[in-house]
Every structure is written in structure tokens, then in C-alpha cells.
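Below are two complexes that have subunit A in common, paired first with subunit B and then with subunit C.
Here is the complex of A and B:
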């Protein structure tokens, strides 16, 4: 069944490639599947995908997803996309394993399947596009602090829990590149356990223990908000800069007050754009998803796949006073 | 009016008044008509609808929910309700996932799924029949209780690594495009149809729903019947949990979230009176088909899920209101 379909598809593709008119008429239909609809992050990603579609010309973006973030809801969506014979499915999965059988079925029927943002187990997709990589995040958070300290200075890290895998990896990656910033001294790492009140108290402790502290790096969206609040309440705005990873909607106040000069997180518009570009290139057989492959992402450069078929889009996007207004309503 | 009553004279109605019996008869006809209309509209609206494999995939949209809806229909006809069914699925699935970590086989997992269903059903049943608490209150409580346990056990984690032969119950095909779940759905439809419409037990359910006091005086063990119905609903939720877990191959505490509302919608759309005492399994079967076709048909047109919910809601109100509106306009004309 699937073999005959593949042959039919291959011949169909060959025929459409032969005549340029046929190609122009045949839109490449790329489905962008969100974890759930009505979420600003995914709406922004869909806008990015539309931007890619406009750039490519013959692409139709189908932005869809379930109403609640459940795996069974996404499977219903996938089934209806398979039935429509879309050319590509790009999914941010609610469950990396549960959607695998449905996505396998999609691939058997000749549909290009990739995951983005929140990945799918390797057997259920051709490749995964992560918004960033651990190394890039580690490099970005120290650069954010260092950029505001041309003369050098003392920085402290406010992390989540001491056992948080993500934060520990990012801090380790950050320490690897500390040599590039000889004037920056890392004086302490404290843990706010991703609780607003504990993060706030830990920040107060830092401000008291290190009166000459210049920056606090909080690679956690809970910690960064609490730290900015603590700095503001201590009247240290302008003396201590809070930076790290945060959400624009939650950080808009801190940027406005000056407690935070800048912070970073992935840009969903870029992510949607890059995802659509990758899906297009794979669906039109311009590229093959195999370890080491370099696949174009339009204005976002190229994605290089590792041995697990994963790629990182870029370093996190920096948000500051110049763009916070635009993004604070997005996510 | 008199002609219609004449032809129904020897029909023993499932309701006390023959007028209701007549509406009941026309209800399935009305639903069937709507189902056919939706089928035709879907076929015209999307070129992908009439494809055996696509239709087969679409059956998964309703089979598991409908299995619970059969038991729920009996419960609602008897004047009770169970809103904890999705919670039972979450708890049963979590228990199965936990057992799968200790290398439990497919048979063991099924026993656990059914066992959790029975225990949860019994818990609801005891609270309602022994303590005399209203079922809607009890099951709103147990809805959070059962799912809450799953959240405590799993947090943001997931259980997976189910044995490969277990997957058959959710992904297996018996013959060509006929999935195991579809066969199960048809089998249960037949079983519940017989129980409700052709056994003493079924008659007792209607009697209790119409007037529990009169039923008690007629010698019906009201509490026992209700207890059995809660157990049945629990077991069916356990079976749905087995199918869904096998289909997903993974358990998260959000599994089957908000399914209780879809199940109740299916039952009410199927013509079961939410006040109890009336309804049929055929109606529930057609309602399941309608809901499955509507969600799949709108999915093919890439209508966002929230619009789908609005459509289902409107359909429910429309279908419920239609017979009343017709009756109103008739009586209006007579008067």
C-alpha cells in the first residue's frame, strides 16, 4: 500500500517537476501544529511561518492544533492532516512518544515530518529544530551581562534548583567561555528553586553579601523576574543589572524600570519562519534529513543536523527597551 | 395526531407517556437524518473525506468516548451521572504505566486497567447509594481526586515503555480498515442495546429514572441497580483507558482531559433525557457517529478546535431544541 503510494507520489513529483507550470499551481502545503491554539507563542510562530511562505511564494501554511495541550488532541489533528495529504507536518509535541505512531503513519504516506520547539522521539520525525542549543544559551547569558560592563565587574548567578538539568548545563556552558571575559568575575551561584519568593530572598542575600555586585544572571524565567523586583525594591536600579532568560510579557516592567537592561529568549517568529523553511526544503526534496546535513533556513542561515537529527536555530534573541513593546503582548 | 397514536397503540413505550415514546421514535430518525446530512456535506466539502483509511482513522475520534457513553447513558437514564470518567481514565492509565515499569505483560496491564475502573466505580457507587449523596457532587469531587492522584504520581513526567503486544488494543486492525477499537465499539453497542432494551434490568433502569420511589415500591432494588451502573461506568472507563493508553503508548496526567463533557454531550445528543427515564442506545451510537464525523470533517477543513467546540455546542442545543420548537409551533397552530 505504502509502496504503491510512494511510487505514485514519486511519479507525481517527477511530473510536477518536469513542468514548471504544474509546480507553480501545486502549492506546497505545510502544516504547523501547535501544542495548543490560543497561545501567543505559537501565534507568533505562525506569523513567522507565513512570512516564510510569502518569501517562498508557492507555499500554503496550515496553522492548527488542539484546544488543550493533550497528546490525543494532537493525534486527531495529525490524522486529519494525513487525510488531507499535506506535504509536510511540523509539530511542537505535547508528548514526545504518544504522537510517534501517528507521525510514523504520516511518513509512511510520504509526508515530511519534522518537530520544532518541543521535540518528538527520533523514530517519529525526520529532524528536530531546537530554538537554541545549550552552548549558545550559555554564551548568550554571559555576553548579555558583559556587554553592559565594558570596564569589567562582578556577576552572580541566580539559578533554579541545584538539580535543574537545563540550568546546570547552561551555567556549565557559560563557565566554559568565561575566559573570553577576563574582567568579569563570577562571585556566587545561588538557587531560588524557581519559586518567586525564594528567588527574591536569595537576590536580597546576594545584594547584601556583595555590595559591589554589578550584574545578576538568572537563566530562569521565574528567577529573573524576582531578581529584578528585588533589585528595584532595594533601590539598586542602575547599579545592578539583572539579565538572563525571561519572557517579554513578564519582563516588560523590569525593562521599563531599568532593573534589567536586556535579557534573552528564543524569538517565536524566527522559530516559525525557520521551521517553515526547513519543512519546505525537506518536502520538496531540496535537502535530505541525515546526520551532518546542512539545510537552509532562509534569513536564519543554515541548520546543521547532529547524529540524532537535531539542529539548533540560533543563539537566543535579545530583548531590550527597543523591542519589548512589540513582544510583550506576544508571549 | 390521532393517527400517529393509533399506529403506536401496541408499542410498549420506553417512557410512561406514549407521546414521549413517539418523540423518542422520531428522535433517532431526526439524528439519523442529521448524520446522513453531515456525511453528505463532508463528502462535498472535502475531497479527502470519502477514503476508507481516512474514515478508519476518524473512528478513533469517538470509539473510546462512545464506549463510556453507553454505560453513561444507562446511568443518566437511571437519574444519576458520573463526571469522574476522565479522571478514572487518568488514574487507570497511570496505574498501568506504573505496572509497565515493572515489566507487567499485556494481560497484567488489562487486569490493572479493569481493576482500577471497578474500584473507582465502586467508590462512586458506595458514596452515592450508601451515603445518599447526589452523584453530580460526588463525581465532581472524584473527578479531581482521581486525576489528582495521577498528577501526584507523574507530575510533569510520563510513563511509557508499554509492551509491544499491548499496542494492539489501541492501534490494531482486525480486518482491512476495521480497527480493534471499532469492533469493540460495535460489540459494546450491541451488548448495551440488549441490556437496556431487552432485559428486566433495562426495564428497571427506566423505572428508576422515571420514579425511584415508585420503583422501590415495585420491588426494584434501586440502590443495587445504581451500584451496578456505577460499576459498569467504571469498568467502561477502564476499558477506554486501556484502549487510549495502548493507542498513545504513553501516559501523562493530562490524558483524556475534559472527556467527561464530551461523553455527556454524546449521551444527551443521543436523545437521553438528562433528567432520566428516557433514551436509547441507538441514539447514542448515532450521536457518537455525528460527533466523530463533525470533528473529522471540520478537521479536514482545518477549522480550529475552538470553533469545532462552538459547532458541537450549537449542534447540541439545536438538536435538543428542535423537537420542542416543532411541538411549540404545532400546539401554537392548534390553539
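Here is the complex of A and C:
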């Protein structure tokens, strides 16, 4: 057999094979790429994506990711997804820039690429879905405190370091909406530097300086845990409510002791669900990712893209005694 | 008596009293006995670690791995407690001390047998011990709700209106007061740091003495590992990150000479108490966080300046040049 015939035959075979897979596959295949496998947060997101797939019917979710949180591992995963000819890739990136070339290659092959949770540089994706926005976080943390204080009261903020950009932005956004809560007085902002001992000491200082303090808002996971412990040790459970941003696994003890009545963080199940919905809508060309576009996210409403192609999903999800048991083993 | 008034310890004690009085003018209630007991309890861990460090510094060495040792033993006890809540707290404390002793012995052996400079050894083990925490825990936290009630309650338990943690600290101070001043090893520490050459001629094994200093410092760091994690009810990779510098600062403020051979147990305790008072005073005194670090740093420099200007106190073996 001549070499040309062999190539022709092989190509024909390959084309026919591809033809059959293409025929068999009328499902939309969406790859959900995690920062790493074995992380409860991403496992929960994958459950949300499956929920979206069930709702849509003709969607197959491929949940994958590297075994450790490296950009190199994600690039390998992306290349293998390109080879599998998936319809969409939704990635939570370990590095915003390193994965761009691989994702560009995927987009050139006609694959819809979006990032979620941890974003990719704009040239490497069509859009990015952030779990929440600075404004929504700022509004949520003050609302969490105010909801427990119908009569009004004094609140203090326990932040991380005084130079922490995201903390300062959230606190500034919170201060912007303080006017909506005329009975709530912000008495102090202190800095625990994300160290357990310093946060604990600063909380003790707040309890001493403001004996009639009603709530402490800590938008940082180390701070909120330390503050809850300090309030508990000071015997002020019930008098001072600790709230803010924390993870359910870390805050379960504080909810149990009553030092914290509620706190918030994005819900990974919702995030995975919304990501899958967006990827589906973009991959099936039902929506176009362009600044100002409104794209449906099923039960999560619609995402509105800004000039950088970013959208925020929703305000952080509130956790309290009613749902902590369900989520404390998740993340 | 006049000798005590002029001593560094007296100056430091006066400085602490003045500091407390100053804070009292800004925040009424700081000098109340109950609050001072709280400050002492909060400083207990720093005092215990500073005493361990004192032994090491007396022999002209330094141990930068204490905070990492503390974090690793803390994580191990927390993980043991989370996995087997039935293990009694006493056993966990024994495990913590044993693990700490082991890590201290590792430092000591490297300094003794391989003759590597202690700052290099402990800078290395600082990273190694911290790294092992990540390996054993996989980067995950051990949280309050995973720890047993007994694990968290022990240092908080009240005996004669002081928490157990304070009593442990008092016991360690007492043991040091006797051990450093009244035992052969205690005297050897001063001799080795004062003049290692002469110490050899008096029959003291310099390497072995340094080894034991590292072992004791390690064991105390292990004990503090349990105390720390239990007190803050959380264990994670970065526990006590950067705390080694606070420990060394407490020793320096307390008049433990970095060049070895000089310093007292009282000095180390007061140095730690001085830092602890500042740490507890700043949050209630309403001082901007931007100033807090500058104030802590200034206190160290002032203390070191005092150190250089005073006449040497207790020198057991003088150097020929001195």
C-alpha cells in the first residue's frame, strides 16, 4: 500500500470516527475546571453545576482539575479538554496569566471559555463570574449585624491588616450604606493582622473599651474565629454578636456556642450552578459575552457584564444555626 | 538594696509600672488587679518561650525555630484530639512536650555535633518545622468544633481565681529561678556564654551544654504549642507566624545579652511582661495601628541602648581582654 493511500485511509477513518462521535453527542459538554481536586469548595461547586445540568437536560458536566493548585497542572487539563473537544470550559484559575495561552488556543478551536471564582486575564476568557462584588459584600456585612439589632446599637469592625486592599474596600462600601441603618453606630475599626493572637487581643480591647458593644463585624476568616473565641472567653455570648465573612467549617463552633448568630460567604453550590448556566448560554449562542450584556443564570437571576467582561453573581450567602450542619463538612 | 535599685531589672520594672500608669490615664480600669491578671495570662506563653530562649542566648546561641516548633506541636495535638477525642489532655500535653524536646534536640545536635552556626541551623529548622505542618495537615485547619471540650477547657480552668495557663507559667518561672541559679547546668550556661574557651578548661562540655539549652527551649515551645492552640481554639499552618522575633525581643528588652553569658530569669520575665503590657495596652489606648509597630520597635532599641551602657552584672568567667 502506498504511503499516500495509507494517509488518505487513515484520514478517512479519523473523519468518519469524528463524524460518529459528533452525531452521538448532541449534549452540550461543559468542563468545570477546579483549582485542585479534593477541595470541598469545588466539590460543592460541581454539585451545583450538576444541578444546572439536570435542569437544562441536554448538558454533560465534566468536573476536572489538577491534583495540586498549580497553573502547570491546569494547562495540562485544558489541553486534554481541547483534545476532547468540549463545548465550554469554565475555570477557576490558579494564575490569571499563565493559563491564558492554553485558553486562547481553546477559544480558537471554537470552545466557549469563561472564568469563575478566581479570574483569568480578559484576553484569556469571554467573561468572568465573580462570586460577589465589593459593594454587595459591604452591604451584607452591615446587614448581618443590623438584622440582629432591631433596636439599634454599637458595632465595631475587626479587620485584617490596615493595608489590606479588599478589607478596606469592603469596609468603605459598608460605610457608604451606614445611612440606611440610622440606629447603628460604628464605634471603632481595629486591625488583627490576620493573626489569631492579635485578633483575639484586639477583640478583648474592644470589649473593654466599649462595654456596651453589641456586635463585632470581622470580614476576615482568621479574625472572625478569634473574635468569636474572645467573646466566648469573656463570657459575653448573647451580649456581643460576632459576624462577618467566614467559612462554615471554621465557624461551626462559634455558631454552636452562640458567639456568632450568623455570618456570610459565597455559596459554592450556587456559584457552580450559575457558572454552568452561563457556560451553557454562551456555548449554545443564546447570549453573547460583551460589555453590558445580560446573561441568564437560571434561578440565580441574570449576570450583567461590566466593561471588563466581569459580572457578580449575588450577595454572599448567609449561614446560621439552620444550615451550618449541612455546610460545615463541605468547605 | 541599692544594688537592686540601680539594676536593669529595677529600671524595667519601673518602666512597666510607668507604662501601666500611663495607660490607666487614657483608659480607666487597665491597672485594676483583674485586668493585670488578664494581661499576665495573655503574656504567659511569651514568658515561657522567652525563658527557654534565655537559656539558649546565654550560651551565645539563638533559637529562631521556637514559633515553628510551637505551631507544629500545636497542630499535631489538635489533629490527635480531633481524630481521637478520647485521649486525655494530660497525654496530649506529654506528646506536645516530647515532640518539642525532639525538635529542640535536633537543633541542639546540629549545633553540637556538626558545629553549624545556631542562627543558620534554626533558620533552617524554622522553615522545616513550618513545612511539616503543611505536610501533616494538608493545609487544612483544625477548628474549634472539632476539638474536644476538655482540650479547650484545660488552660482556662480556674484555680484560686487564676487560669491554669497562668499557673503553668508561674511554675515554669519558679523552676527556672531554681534551675538557672542553683544547678550545675545553670552555672554552666553562664560559663559557656561568658567565655567558651575558659569553660572548656574548667571541665565544661560547651557543645553538650548548648545541646541541653536547645532541648529545654524546644520542650517549652512544645508545651506552648498545646497552650496556644487550646487558647485560640484554632490550628492552622501560620499559627504564631513571626512570633520568634517577639521572643527574641522580649529577651533583649529583658537584658539578656545577645553575645551570651549575661542576663537573669527576672530580666527575661520582665522583658516579656513589658512587651505583653504594650501589646495589651495599645488596643485599649486607642493608638493608630500604624503607630503600634513603631512603638514596639522603639521600645526594643531603647532597651538595647540601656544594655550597652550598663556595667556587666554577672560574669562567671571573664574574657582575657575584658
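One rule holds in what follows: the second predicted complex is superposed on the first by the 306 of 331 C-alpha atoms of A that agree within 3 Å, B and C clash if a C-alpha of one lies under 4 Å from a C-alpha of the other, contacts with A are read in each partner's own complex, and residues count from 1 in each chain.
Assume a contact is a pair of C-beta atoms (placed from the backbone, for glycine too) under 8 Å apart; a residue touches a chain by one contact, two chains touch by 3 or more.
Keep in mind it's a predicted model, so treat the numbers as computed, not measured.
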| subunit A as common anchor, with subunit B and subunit C clashing or fitting | fit
| task | Tell me which partner A:263 touches in the superposition: subunit B (first), subunit C (second), both or neither. | result | neither
| task | Identify the partner contact of A:72: answer first if only subunit B is touched, second if only subunit C is, both if each is, neither if none is. | result | first
| task | Tell me which partner A:83 touches in the superposition: subunit B (first), subunit C (second), both or neither. | result | first
| Once the shared chain is lined up, is A:233 touching subunit B (first), subunit C (second), both, or neither of them? | second
| query | What is the contact status of A:162 with respect to subunit B (first) and subunit C (second): first, second, both, or neither? | reply | second
| field | Contacts of A:101 with subunit B and subunit C, given as first, second, both or neither | value | first
| query | So, does A:170 touch the first partner subunit B, the second partner subunit C, both, or neither? | reply | neither
| request: Pick out the closest CA atoms of subunit B and subunit C after fitting on chain A and give their distance in Å. | output: 8
| remark: Per the touch rule above, subunit B residues touching subunit A in the complex are 46, 48-49, 51, 54, 57-58, 60-61, 158, 160, 167, 171, 244, 247-250, 252, 254-258, 295-296, 299-300, 302, 304-306, 308-309
| Once bound in the complex, which stretches of subunit A touch subunit B? | 37-38, 62, 64-73, 75-77, 79-80, 82-85, 94-95, 97-98, 100-101
| said: If we count contacts the way the header does, which residues on subunit A are in touch with subunit C in the complex? | reply: 162, 190-191, 195-198, 200-202, 204-206, 208-209, 222, 225-226, 228-229, 233, 249-254, 256, 328
| Partner subunit A, residues of subunit C touching it in the complex | 27, 29, 35, 38, 42, 141, 143-147, 156, 228, 231-234, 236, 238-243, 279-280, 282-284, 286, 289-290
